[in-house]
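Here the structure is laid out as C-alpha cells; the discussion comes afterwards.
Note that the chains are named A, B and C in the order they appear, and that numbering of residues resets to 1 at the start of each chain.
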Amino acid sequence: MSDEQTYLSLPPDALLAKVRELREQGWRLVQIGATPLGETIELNYSFDRAGKFLNLRLTLPSATAHVPSVSSIYWCAFIYENEMHDLFRVQVEGIAVDYKGKFYKTTVPYPFSTRGQTAGVTPSGAVVAATPAASVSAPAAQNAPVGVGGHRPPLQKTAAPAAAISDRRSEPSAPSTAAPAPGA
Amino acid sequence: MARTIIPFGPQHAVLPEPIMLDLVLEDEKVVEAIPSLGFVHRGLEKLVEKKDFQEFVYVAERICGICSFIHGQTYCQAIEEIMQIPVPPRALYLRTIWGELSRLHSHLLWLGLLADAFGFESLFMHSWRVREKVVKIIEATTGGRVIFGSCKVGGVRRDIDAATLQTILQEIAVIEKDMHEIVDIFLEDSSVKQRLCGVGVLSKDDAYALGCVGPMLRASGVAQDMRQLGYAAFRDLPLEPITRPEGDSFARCYVRCQELFQSANIIRQAVARMPEGEIAVKVTGNPNGEYTARTEQPRGEVVYYVKANGTKNLQRFRVRTPTFANLPALVKLLQGCNLADVPILVLTIDPCISCTER
Amino acid sequence: MPYFRMAKLALKWAVRQPATHRYPFEPRQAIPLSRGTLVFARDKCVCCTVCRKKCPTGAIGVNRTQKKWAIDRLRCISCGYCVEVCPKGALSLSTAHGIPTVTKDQEIYKVETPTAPKPTVAPKPVAAVAPAANVPST
C-alpha cells in the first residue's frame, strides 16, 4: 500500500489562510493531532481529497503552544481541538463548541503532554508528582541490551509472590558457569 | 417555550457503549445536543511508552471489541510501511479475509441494534443468530470470537489451510441465504420504513464538510471507500463503493446491508485467488520514521499515525477512529429531530465509543 | 410480495429447534483451534524464561533458582505468544474455558525435569575369578 502522503510545514500565523484555501479546493478534514516531543509540540492537520493525503505540520514550543481554531472553516474541528487542549495543553482560541477543559474529565490535567507521569493537581486537591518515563531498572542492568526488566511494571496486587517467583537478578545472560554468583 | 434538558446516556438501552448526550428539548423537539465523552477513556495512546512496538499489536487490537481485527491490521500496516517490510502475499490475502469477516459480523451486529432501537426485537435476535455463524467461522480460524489475535508485524500468526477455506466458502453460502432473508425485511418492511425513511437527512455537502466517513458519507452520495487505496489484497480485488443519494437513516441502513453482500463476494474472490507461500517474515531492528496508515473499518475510515525514532518504543501513536469523525455529524443531525428518533440517529452513525475514546 | 415476511420467519423459528444451546445443561462443543486456558507441562520446562519475556501482560513468572513457574490466570489473555516461543513445547492452549475464581492468586508449579537415571554400578559377573575388589583387605 503506498498512497500519496505529503507533509507541508507552516508557521502558525499562516494556518488559517491555508486551511481556508484547502476548504475552497474541496479537501476533507481527516484529523488534527498533536505529538509532544519534549521541548516542542508538533501539530498535524490532515486533509484528504480523492485518496490523496495532505498534512500541514506546525511546530510550536510546548510551554506556550497556542493556535487559532479552524472550526470557523471546518465546524467538525471542534472535537479534535478540544481533545488537543485537554490532553496536550495546546491552547486553541475560538473553538466553535468549547468545553473549556471538560471534554475528557481526567483526574490528572493534560496527561499526555509529557512522557511518563505528568505533574499536576487532581480535582480533589491531591498533588501528583511527575515521574520520568519508565526506564530499564538497575537490577536488570545486566540485561540492558535485551531490555526486559524495566518496562513491564510488576504485578501490583500480588507484588510479593511476583517478586518471589520472578527472580530477575539471578539471570545471567551468559551460561551460568562463567558469571559471578548472583548478587544476593 | 420552556426548555428541558434530558440526559441520554451514559447508560441507555440502545447504546452498546456509554456516551452521554445532554438533549435540550422544547416539547418533543430536540433543539441542541451536547455530547460528553470520557467514560471509557483508557489512555491507550500513552501505552506506547511502556510496550515495545511488536507487543503493541495486542493493545491496538483491544482498542475495540467489534472492529478489533482491522485495528490490529492497520497498526501492522503502519509499522510495515515505516520499516519497509515486504509482507508475503498470502498474509495479505488472509488479512483481507479476516477483515471482511470482521465487517460481516460488525454490520450484522449493527443491524440487530438498529432493529432494537425502534423496538423490533425479533429482528434483532435473528440478525444476531446469523452473526453467530460468522463468529463461529472466526473462532474456528483464529481461536477467538471477538479478539482475533492473528495479526503481527510482518504477517499473520496463523494459517488457514485449503480444506478450511472450502468450509468457509460453504458456510458463507449458507450465511448469505440467511442474510437475504433478514435484509429483505429491513429494506421492505413497512414498519421499518416508517421509522427510518426521512429521519436524519444529511446532504452531500454537509456530510463532506462535517468530515463524515464510512457508510454515513456513502449514504449521502459521496463515493469514497478507503479500500480503494489498495491496501492488503485490495490492490488485486477491485471494489465499487456502494452509495445512495438520499442521506437519511434508511439510506445508511441500505448501504450497510449491501456491504454485507459485497464483503461475502470479496471473501469468495480472495479464497479463489489465495496465493501460496509463507505467512510471515521475520522482523529485526527498530522502526524509524513516521507514517499514516488509513484503512476502512466497518464504521469508516480509521487513521493510524505512527511516529518512531529508532528505539523499540514508539514516540507517538495516534488513532483517529471513524466514530470520532462522525460525532459532529451526529450533533448536527440531532438538532431539530424528534425525541423518539434520537436512538435511531445515535445508532445510524454506528457508535463505537470504546474506539472513540481509546 | 413484501407482506408477512417477518411473520413467516418468526413462525418458521417458532416450530424449529431453538438456535441457542441450553448451556450449562448441554456442554459447549469445543471448536478445535479455540484459544482457551494455558496448559503447562512441568516435565518439559527448562526455565529459559522466554515465555515470561514475551508475555504481553506479565502474567507468567519464572524463578530459575527455585525452578518454579507461575501464571496469574486473571492476567492471561490467551494470546498464545508464549506457546509460539517456548523452545521445548511445554506450553499449549487447551480449548477449555478458565475456571472462575474469587481471589487473585498465582498458580505456581514446581518444574520437575525428570533427571536421567544414574548409571548404576553393574554387578560384577559371577566368574571363576574371585571378586578381589570386594574382599575387604585385612
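Criterion: contacts are C-beta pairs under 8 Å (C-beta built on N, C-alpha and C of every residue); 3 or more make two chains touch, one makes a residue touch a chain.
Keep in mind that what you see is a predicted model, and the values were worked out from it rather than measured.
Peer 1: Can you tell me which chain lies farthest from subunit B, using the average of the Cα atoms as each chain's centre?
Peer 2: Farthest chain from subunit B, going by C-alpha centroids: C.
Peer 1: Counting C-beta pairs in contact, does A-B beat B-C or the other way around?
Peer 2: A-B
Peer 1: Roughly how many whole angstrom separate the Cα centroids of subunit A and subunit C?
Peer 2: 39
Peer 1: Please work out the Cα centroid separation of subunit A and subunit B, and write it as a whole number of Å.
Peer 2: Comparing mean C-alpha positions, subunit B is 24 Å from subunit A.
Peer 1: Any idea how many Å lie between the Cα centroids of subunit B and subunit C?
Peer 2: Computed from C-alpha means, the inter-chain centre distance equals 35 Å.
Peer 1: Give the residues of subunit A that touch two or more other chains, as numbers and ranges in rising order.
Peer 2: Residues 152-153.
Peer 1: For subunit C, give me the residues that contact two or more of the other chains.
Peer 2: Answer for subunit C, listing residues that touch two or more other chains: there are none.
Peer 1: Taking each residue of subunit B in turn, which ones touch at least two of the other chains?
Peer 2: Subunit B, residues with two or more chain partners: 51.
Peer 1: Give every residue of subunit A touching subunit B within the complex, in rising order.
Peer 2: Contacts found on subunit A: 1-3, 5, 23, 28-31, 33, 35-37, 44, 46, 50-51, 53, 55, 74-76, 78-80, 97, 103-106, 111-112, 115-116, 133-134, 147, 151-153.
Peer 1: In the complex, go through subunit B and note every residue touching subunit A.
Peer 2: Residue list for subunit B touching subunit A: 34, 36-38, 41, 43, 45-46, 49-52, 77, 81, 208-211, 224, 228-232, 235, 291-294, 301, 303, 305, 307, 312-313, 315-316, 318, 320, 324-325, 327-329, 331-332, 357.
Peer 1: Any idea which subunit B residues touch subunit C in the complex?
Peer 2: Interface residues on subunit B, with respect to subunit C: 51, 55, 58-59, 122-123, 126, 129, 132, 136, 139-144, 147, 149, 157-158, 181, 184-185, 188-190.
Peer 1: Mind pulling up the subunit C residues that touch subunit B in the complex?
Peer 2: Result: residues 2, 5-6, 9-10, 13, 19, 31-35, 56, 77-80, 84, 93 of subunit C touch subunit B.
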